[in-house]
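One structure is given here, and the rest of the page talks about it.
First chain written, first letter: the chains are A, B, C and D, and each begins at residue 1.
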Amino acid sequence: MTNPGQAKAQAKAQTKAQQCPQAQAQESAQPRAQMANRRSLTRRIWRLIPPGLRQPLGIVAALIALTWLVICLVGPSIAPYDPLAQDLPRFTPPGSVAWLGTDELGRDLLSRILAGARVTIGLSLLLVCLSMLIGSLLGLLAGFFGRWVGETIMRFTDLVLAFPTVILAMVTAAALGASLFNAVLAALVVSWPPYARVVRSIVMGLRENEFVASGRLLGFSSVRSMRVDILPNTVGPVLVMASLDIGTAALLLSGLSFLGLGAKPPTPEWGSMVSSAVAHFDKWWLGVFPGLAILTVVIAFNFIGDALRDALDPGVEKS
Amino acid sequence: MISPKNKMFRLTGALGAAALLLSGCADNGNEDGAAGEPGDGATQIVVDTTFDIKTIDPAREYEPTGQILVKALYDTLLTFADDDTTTVIPDLATFESNSDQTEFTLTMTEGRVFSDGAPITADDAVFSLQRLQGLEGNPSFLLAGVQVEKVDEMTLKLVTDVPSPSLPAVLATPSCGIVNSKLVQENGGSTSATDSAEEFLNETSAGSGPYILEKLDTASEAILVKNDKYNGPQKPTYDTVILRNTEPATQKMNVERGDSQVALGLSGDMVDSLADNVNVESVPSATVVFLLINADSAISEITASSEFVRAVKNGINYDGLLEIAGRGAAQATGLVPSVFLGALGSADALKYDAAAARTAAEASGAVGQKLTLSFPNDIDPTGLNLTTLAERIQSQLSQVGIEVDLAPAPFATEIDAYRDGKEQIGLWYWNPDYMDPANYLAFGPGQSVGLRAGWPEGSNPAIEALVSQGYTTGDLDARRTVFENWGKAMNADSPFVPLLQPGSNVAYQPSVSGVYYNPVWLINVAGLGIA
Amino acid sequence: MSHMDDAATASFAAGPVTDLAGSGGQVADAAEASSAARPVSDVAGSSGRGTRRSHGQLWRYIGKRLLIAVGLLFGMTLVTFSLTNLVPGDPVAAALGQRAADNPETVARFRAEYGLDKSLPAQYAAYVSRLVRLDLGVSWQTHHPVSEDLAKAVPATMEIAFGAIICAVILGIILGAWSAYRRGRITDQVLRLVSLVGISLPTFWTAIVCFYAFYYRLGWAPGSGRLTPGVMAPPKVTGMYTIDALLAGEWRTFVDASAHLVLPTLVLTLYTVGLLTRFSRTSILEVLDQDYVRAAKAKGLPGRTVFLRYILRGAAVPILTMVGLAFGSLLSGTVLVESIFGWPGLGSYAYQAASKLDLLAVMGVGLFVGLVYLCINLLVDLAYGVIDPRVRIGQ
Amino acid sequence: MKPVLAIEDLCLGIRNEDGLKPILDHVCLEVGRGQVQGLAGESGSGKTITGLVVTGLEPAKSEVSGHIWMDGNDLLQITGSSLNAIRGRRVGTVFQDPSTSLHPQLTVGAQLTDHVRYHLRVSKTEAMDRAVRMLDRVGVAGGRATLQRYPHEFSGGQRQRIAIAAALACDPSVLIADEPTTALDVTVQAGVLNLIRELVDSLGLAVLFITHDLGVMSAVADNVAIMRQGRIVENGPRQAVFASPQHAYTRELLAALPGARGGLKSRADLARIMPLAPDEPGQTMAPASEAGAV
């Protein structure tokens, strides 16, 4: 006799999904007594990887990011040519001479893309770190001191947030003159406010919390309660934001360079490489490869940021 | 013109990529109609260019796009034939001059009328020229020092203090276009700086040219329609001319796809890879791209030394630059471009000599120092990308021991440092104001451009003497000799390094005829015909 | 006060109003991160805000918002003004042209005409006093009043931005819901990846690639610009050609204008849809686990009703906040896209103005976009009241 | 008497990366007309999920076997619209917390009528009339005007009454009440319990009453089943279970009730039990996290 219930169970079993991050979170809510099998060592290691990355795509993303980071460190030394040398025939299509072809000045595209990784990724990391620091600091001050200090800081934050970002960055870059460092400064001007907001809202929340209040009752100074009670609680969310911000920063910086407000020639920078490829659109390799470089870097870091958020902020991905 | 109907209908429904992809599966045939033949029998031509335009008031405009439009909207007293840049011919007037080229008598051609039908008289000509002088606008300098007088209804006289052999050529520039004085005055026009007719003239053309203005949007397009009252020699072919503001890369796509008939802004590289179905008129333009090396030791001790100038002049591989510039480009043999009287032959051009350059560079103390090469990066003289050129120059100079940092900046920012003579090394270009070599004399010591290189009066008496001869010598052969001597001396001793004349590339559909490049107005749209 | 204030900034709470190619990720993620981080996890601040608010309070609240908005606008003029004056370079030569700038009298007259001969504070004061009379000044580049230039450029940009936001909202909610419903399954993974790719695309690059492929290579899309040359613009009502053409009954013009809209809209949609898909997914996931959804299912309502009536309504507030932010960022994103499609909109205008030191035009654009941001935020805030009765006053 | 709802050999496991995690293990329960079948157990024992399986609301990654018989159909075999025809129409469900189970952005009227209109195909006015009658019946006064109001405008007890009204709006024969009083103030708990009992008696409802609180259970249930780790360890008439628990676990549970040693024999004992506070911190939240975890 066929058990109809089993039939349904089988049908449901067939539609069972791939293992997913949510399953992780769920399981801990269930009594441990029912958890089968001791975990093997490989499984333990597996579990060290943020859940979001524990899938083929996640691994690919992590590998891409890792590859780019390695390229950042060793880039120029593994490049087949000097990224600035104009020795090769111009507009050589991708092939044996130059794997990714050469540009309008006869420079090797691959070498330039490899050298550009250091510029784009390095500066994006720098930008994110700076905006994180500045934003968090202002957010801490605003949240902790409340009243007019906080009000002033938050009104200023509003001001920057209400500004059309690109235009503000454009004007800033124009005012400071085109250079990579100035592009970072210009991007910084528009990148810190989110951190200030988030940190402030966390601090405001914590301030209501009893343990900080009790700390203050015990006579701890504000600096101490900031360090002991508040700072540690903001680190997680801020880091998550920052990790998600790296891709954004790369896009913003390459966008500024695309507009001619970032990297100065002949610095190999992906955005300006795409920009100069516009005029030679029928030499497809000139635009496609730098664009793909930007895309892969941004995707990889966004994916990792996503995974980090899932791991550190189970609240968002709560089941 | 293409008939957009088919494509449009296929696309309307498309909200996103999916629909777009689906729609594309339909066949692509039947898209190209013959140029100039849209369905209703009227002919239309689309000209793509990169807009550089603020106004089309002839007495105010002085940008390339404005020149193209004003040329079509306003006739001038004198002009040049489409395929000739040396001989002035009559248009609204004929002229005679006295022997020392200080007095020019112009007699108005009988019967010519403005687009509203009013006859053109000497009053209109005098008003137009005096207005050009009086507005103190960008092109006002063209008639500086010229006295304009009415003689009778159909005659006027132009008088100058010094011999002005270039004046007829000046009168042929679009800025000297003749406006309907009555109409312009009714709309705020005057011959002083209080004139307020610009707004009117940006919406309505008040001239006698082959076309009248239908619409002008300085950001996107200008539409011209045939002037039915036109009774001059240059009968227009197309009923409508549309001049569109388009990025060079897009221009190339458009002209290859037949969405435009003429593209004016293609670079040499783009032209090299142009599809076979497009014709190209490719000649060296009259634009000279040059390096300025500041002779003011307050700006840089190194660049001020003559050894350094010599090192740069020898250190640049001019052929290597031409490779970058692509089709149509030529080495600038001197500051005067090849189309003008007095241009130098290739034997007199600067030569690449790496060894000499290296020696000179060492002597100048430049080796081991970092200098700055400034240039505008948002402007491409006739399609040449200055950034690419600067990168090539940087690389070439580096091979002879001169290291420069590139300092690109938007034109608007950099122009200030350039004009104030603050650049160590500048990469700039010069478009002729009118078709006469005299406008290159500005590069002389103490002259307007010379000062930008920190080259004051008294720096080089020999050249200064040639400059004043250049302004005043009337006789054609004598002029040629003066300019050739001036050019050679400039090549040898000036702080300017003439680099190249980028190609002027006009790409056009085979259906279009009458495409000629002109150094001042680039292209005469009224001369375009159907092949 | 601080309570109100939080409400005032709640719509901003999501954080960065975005920038170039796609910092949308930043917006979404900041919003997610912040809502996750907030100890009292409210739905975009809605539950935290005034459950008890009288009419008087409402007006005070709106009044305060407006006051802040005006203050912000003036702050923006100050910032732009200072920045543009920091630019090394005198705008006069660029504005007048080389030859005219050789004439000191002309230069002096120009300076006097635009008040550039006065001290910076005096210049700023003059600007602000004109601004109060809604006079944005005359652009040095186009020789037109900035307000006229904006009146031409803004509808062009709005046409793309509206198109993109509408497509993105529809697609984003559908995909986000699909992803949330299939949480953890292959569909979800694929959609997450797709939306991630969407927000990772450098728009300037996508625009080039799309234009090259769909116009030049394949010929499926029309060329650059808003209309095919020869097609006359419809009589101006809104300035948006599609709408004006419909109003005028010019069917062919409408078709032509729509076809030209497809590619730019597509490029901006790609990015925005990624943003909204991610955000909708998160918001819908949160709602999916709500008891009221389970209760609605237990009542035997069909899936469609449960989704439209219960889930979407529950997720509407955070999604709406995000849509507001995304729309703002779209306006910024046009800077990089418009030049490629030859679209004479706000982005091209802003870029031209900024690179040509056209101070008044830059400030005009800045003010306008800032005003749009503030209006969106105000609208979003007011819309909360419509969506969520708990926010409504005078219960 | 033939049970209205019969759960037979119900097994349920949740699939995760470690394999299938068992949640319910051969659960058998029957609810008869006019009866309240109590189901008690500590948090995580699987009682809530048992209630959810009946209306097909078990978590997505569950694998189920067994039978749930009702009207001669096996509810586990039907899906889609036929399942919707049972939910709400034949089986009503009341959830623990009325502040979350009622949609905060929809009027009470909308939530009381939408399924009525869908199931019974009646006009809007008719559905509204019906809703007003139902509200009357559960003791929420105010008539039509009430329908225009939003859940947050009511007190907790009133909200739960509204939720009950919504569950009963289509005259179902079975009501699944999942901790319907846990989220309420103790002072209003009694009122809601009385209402449920009264509805059972007057309408002949069959109720599956799920709770962790034996005190509450003793107040309403006719039969009591005790669940532990997904198994029914004891099932029988209330008096029997409370008076002479057979299973050690039941005894343990009963012992945890303050002053309850010796058992509760009648509803009169309720008054003594009712004021008790939740016995461990966080326990009131447990069913939510249990539901949420799946």
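We adopt the following convention: a contact is a pair of C-beta atoms (placed from the backbone, for glycine too) under 8 Å apart; a residue touches a chain by one contact, two chains touch by 3 or more.
Everything numeric in this text was worked out from a predicted model, so none of it was measured.
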item	value
Chain pair with the greatest number of C-beta contact pairs	A-C
Innermost chain, where centres are averages of C-alpha coordinates	C
Centre-of-Cα separation between subunit B and subunit A, whole angstrom	47
Cα-centroid distance, subunit B relative to subunit D, in whole angstrom	86
Length of the line joining the C-alpha centres of subunit B and subunit C, rounded to whole Å	39
Subunit A residues counted as touching two or more neighbouring chains	17, 23, 174, 177, 278, 281, 318-319
Junction residues of subunit C, two or more chains touched	87-88, 183, 212, 216, 289, 340, 355, 357
Shared-contact residues (touching 2 or more other chains) in subunit D	60, 292
Subunit C partner contacts - residues on subunit B that touch it in the complex	1-2, 4-5, 7-12, 14-17, 20-21, 23-24, 28, 31, 38, 44, 46, 54-55, 62-63, 136-141, 193, 198-199, 202, 217-221, 240, 242, 244-247, 250, 253-254, 256-257, 259-260, 378, 409-417, 419, 433, 448
Contacting residues of subunit B [partner subunit A, same complex]	247-249, 252-253, 267, 269-270, 273, 323-324, 377-378, 385, 387-388, 390-392, 394-395, 405-410, 413
Subunit B contact footprint on subunit A (complex, rising order)	84-86, 90-91, 104-105, 174, 177-178, 260, 264-266, 276, 278-283
Residues of subunit C defined as touching subunit B within the complex	87-91, 93-94, 96-103, 105-106, 109, 141-144, 149, 152-153, 167, 171, 211-212, 214-216, 218-226, 228-231, 252, 255-256, 258-259, 262, 266, 269-270, 339-340, 342, 344, 348-349, 352, 355-357
Subunit C-facing residues of subunit D, complex	52, 55, 57, 60, 81, 83-89, 91-93, 95-97, 100-106, 110, 114-115, 118-119, 150, 152-153, 163, 166-167, 176, 291-292
